[in-house]
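In what follows, chain A forms one complex with chain B and a second complex with chain C.
Moving on, here comes the complex of A and B:
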């Protein structure tokens, strides 16, 4: 990644930065960063520039920015967002990212769009390919949710926001259990596990899979305690029998014991799912992380080979243009990027 | 004042809605009564009145100031509350039965859309009485001129519907068959289990005490073997049924053609998967018992006293941490660059 050393003075957003990229329009601002829309001057390619504010922190750069640069530099995959360039100006750091106009959450919420089973299969397939690439490089994403699965204009799904990602270090290293947005948090994280694996990402994808079929969040907990309750009400309370050593986890409690759902109950819950789809969903949402399938097993699952075939990315449903006013568009971008 | 008036009319409406205007029977008092309408004038008449008035042949509508001649066989149940909708749907049905071409009868979409547009125009005209007589005459003329064509299209449509019905029926039968076989097998399994339990007891009573564990172990192994065999059997049968079903399925041919049109085979990893690792792993223990076993015969696996100690920590194990992952990662990282020739990759890129 070419990091140019020349530092130009900070200029107004409309003018040309570094001569290589143009900043056209501000699309959002958060505590740590401002996002601009722009073009790569040489190729006319649309890009997004994430300008990290540095001056205001006495501890230096924000952690999530460092993580994002660190891991995105290593990952090159059609289903992972591309970090085009990184450069710094006098008092901020700029990440040049591929411009992706839409995300999966927008589509899920847009009730005027109908998802075919082949569409869901295609999105799930692309998500799993992306996470497979992360996992084989020993990187955990730790914040998978529909909002972080961005969609390119050609329909390709790209995993974005590596602000919580980390690579697996020494075998004895403690990992923080306070990761992943609550609704997509796996049971071992809810129990405060500190030595979890890529299985936490697979759980999130399983929950996203369910959300794509239901068109509403699958396990929407109101707070961390409620999340445990909601999760176990839907999938049963784990016991030593089905999840060996679960009671050794730091925050284990089994206040309310719910029975695991029968196959028929799940069938009723996901009335449109085929048997193979249910099989995959069940194996991705196993409570015991060591019984949960990994990304390779998930990709090799028969669900992907049975009819119908996954939709070609370019034929996937897209966000309806011009329905949204400019203001709303800005609003949604803000929510997404920061 | 206006609000009072409004409420009065509503209550009147409500009452008249549930009362036959001819015989004044009230739905409230005789809940079994039904209302019928005739698409000639859409006046609501209760069933018993229809029977009474029209049994002897066509008669004028009993509504004052209507007087249209109605026939009994044209009376039908009202589906929509709003009679205007009821009427439009009848018109739609009638026009649709005359103009019954489908998209496949047209060369391009534009032509088909034009055709649909003309249909909508006719329906609109008939519905709102714009040039109604003229449109009606046109419709009749079209029907006469295209009689044969309309019949042909009708035949085709009914063939399609029959195909679909056959498909659904076959699907249902397949499901039933699968369920039946599964149930049958379950019953057989039950019996077998009972039998083997009995055998076990018999053996235990006759055999010596020292071999008890042996016998139980053997029994368990047998049961395990049998259950996996049964599962495979079931899988085979369902596969067979699926195949049979697909052969007889009229829609399957179509699906197959579609499949053949797609030239590229499906690849879950899009070819991006390294199957030939540059190393192979020794067996790595998965639980504590195996771990202790390995520690006594170190040569069978990797040995790292510190990491092996971690593998006994229940907190680690509960979170999904496995010794296998640690060694796999170490070896992966050690070998990851080997066999990768940058110059060669640059040349082919």
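Moving on, here comes the complex of A and C:
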């Protein structure tokens, strides 16, 4: 909730902002925002301030910024990044976000860390809970990938980056198919579908699930054409039998026809996966979006109730050096104060 | 408990964690967490109070500006002000808009959003959101501070972006008279602030579609309940309800006073009272056994059914609940537990009362004559530009003095 007292159109002077939040150092820069680390002065809570550049775009406030504010204001859930506050300084829009020091991509790439199957189950479960909350609020994320699944110091996974999100809902409304980072893009999007559902997010999560098991991207297409080839080589080329009307989608072309993978082939590829894990993976990566499971079905899947139980978030693997450097940072902060 | 149900229970916890032990979260519960409910729901009284406060604050600002301007000009030519003291006098010259005038003026501008949206071929969603932004802006600001013309344009421009119907600023201003890109871009951020950075607006069209489907399920299956009601009848009811929403709700303030499902039902009730009433009765009064069944086995189709019921139960409107934040959840629970005939009748009656109230308010849109608006427009101009007003008067009296 915007706790700013801006009920009238006044701008909070910078000094007040600095009293409420401290801006310590810049940690990153995206296309439309600069991200700083800081503290909420009253609580000493660590926060990230995403300062959105305004007045630099020809068409005013950037669409991604608008979407991010719009959806984060509504979504309050343990597995969705928390928007702590919104305030404005002269010509800038500032999003105060909970501080999330790591992301899933970093962990996947760190080969010194071993993932237990219970760890993977825990991350997958938290991702699904977060997306379930989005979908039941009729919001599609449309850019799920390990890099946008951030990790809190207590191990909780948080879905972040709602710059591509949008509301689902009005029947017959056209949607853009140019969404989702390529490797996590579902077949209906690759075919240019103008009508789609939360199934695009479920596909992305299925591909992330596979990546967590493989420790390498599952379907790394080199370009959009290659993405189709990589996807269908792994999962079979969709035909009218398994996906009615697929050939009427705008970009459907007579592709190389790959047979769907046999169960044994999948077992070989995901050698550590249980049968239930494979069932869920298959269900989330159905080529026909109407056959793909939704977030409720995924959460109710027996994979989550069979042993091993999902790892408690606080016991999940963490980025080792990163945690250390944060400690060091805290140490040096303390020293400075003394 | 069998193993099967145990697993199911655990799995359900997966879905609802961390509120594991609570009941299922209904659409209604979700709505109660929306900013639309938390920030932008009013009772008729609180809405009036808010608007009066905005008008009063605007008047205060305009008065201050007027006084400062008056004193500056007076200092430049004190003798003129002394001689024409009965005309060039603060009390006489000060021009402000009354609460009623401001309300009329805002209604006029709200109506103007419709042709603009039409011109740009914007979907209904954009139009409704633009109206919402515009109205919300003037719950904390006054036309005596911000002239509504550019606020209106900027509301449309921002709503288009927020609803994913992007229009470049160049093509937008090309269609407008005497408005430049800067006029709009400078206001965009100010509007966003007045909206308290909340952009998601729930409209009645989605629940209306949901009711359209549920009317079919309830009134046509397994066999038609009313001899003269078919899919076509319901289809035409749905279309007319959409039109009614477009014609009435857009211009009224019901969106601040009722929930979207309530407004949707009001539209259907207004279009066809007989069918809608039959549906409501069927939902509330004739389904004791089915309601019990829903409570006991939470499965499949029935689950969806119970969601629809919860949706309707949300009718304990924003309007009726004094202490909405705590009170409402209890009401919902209460409704579920009491499944006696009386409480169902009570629910039904409350709902119908709410719907009727909504219809009544939706129809109370006041329109003003062109002359009236022109006069308000003139006053608003002077409230915003006291210098022009005073100088004009000074010119007038000095001219009269020289000619006579």
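Details
As a convention for this text, the second predicted complex is superposed on the first by the 302 of 338 C-alpha atoms of A that agree within 3 Å, B and C clash if a C-alpha of one lies under 4 Å from a C-alpha of the other, contacts with A are read in each partner's own complex, and residues count from 1 in each chain.
By our rule, a contact is a pair of C-beta atoms (placed from the backbone, for glycine too) under 8 Å apart; a residue touches a chain by one contact, two chains touch by 3 or more.
Predicted model, so just to flag it, every value in this text is computed and none were measured.
Once the complexes are laid over each other on chain A, chain B and chain C cannot both fit and instead clash. Touch criterion met: A:289 reaches chain B, while chain C stays clear of it.
In the overlay built on the shared chain, the residue A:166 is in contact with chain C alone; chain B does not reach it.
Once the two complexes are laid over each other on the shared chain, residue contacts for A:43 go to neither chain B nor chain C. In the superposed pair of complexes, A:60 makes contact with chain C only, with no contact to chain B.
In the superposition on chain A, A:244 contacts chain B only, with no contact to chain C.
Of the two partner chains, chain B is the only one touched by A:196; chain C is not.
Judged by the touch definition given at the top, the superposed model places A:91 against chain C, while chain B stays out of reach. Once the two complexes are overlaid on the shared chain, A:299 sits against chain B and chain C alike. In the superposition on chain A, contact of A:271 is made with neither chain B nor chain C.
Superposed model on chain A: among 23-31, 59-67 or 365-373, the stretch of chain C in collision with chain B is 23-31, the rest showing no clash.
Overlaid on A, the two complexes show chain B and chain C touching the same residues of chain A, namely 78, 125, 129, 132, 136, 138, 171, 296, 299-300, 304-305. Put simply, chain A touches chain B in their complex at residues 77-78, 125, 129, 132-133, 136, 138, 168, 171-172, 188, 191, 193-197, 199, 243-250, 252, 288-290, 292, 296, 299-300, 304-305, 307, 309-310. By the touch rule above, chain A contacts chain C in their complex via residues 1-2, 4, 6-11, 54-55, 58-61, 63, 66, 69-71, 73-74, 76, 78, 86, 88, 91, 93, 125, 129, 132, 136-138, 166-167, 169-171, 173, 296, 299-302, 304-305. In the complex of the two chains, the chain B residues touching chain A come out as 255, 259, 262, 266, 268-270, 272-274, 287, 306-307, 310, 314-322, 325-326, 329, 332-333. Looking at the complex, you find that chain C touches chain A at residues 7-8, 10-12, 14-15, 17-18, 25, 27, 30, 33-35, 38-39, 57, 123, 125, 140-141, 146, 157-158, 161-162, 164, 166, 168-169, 184-185, 188-194, 196-200, 205-206, 209.
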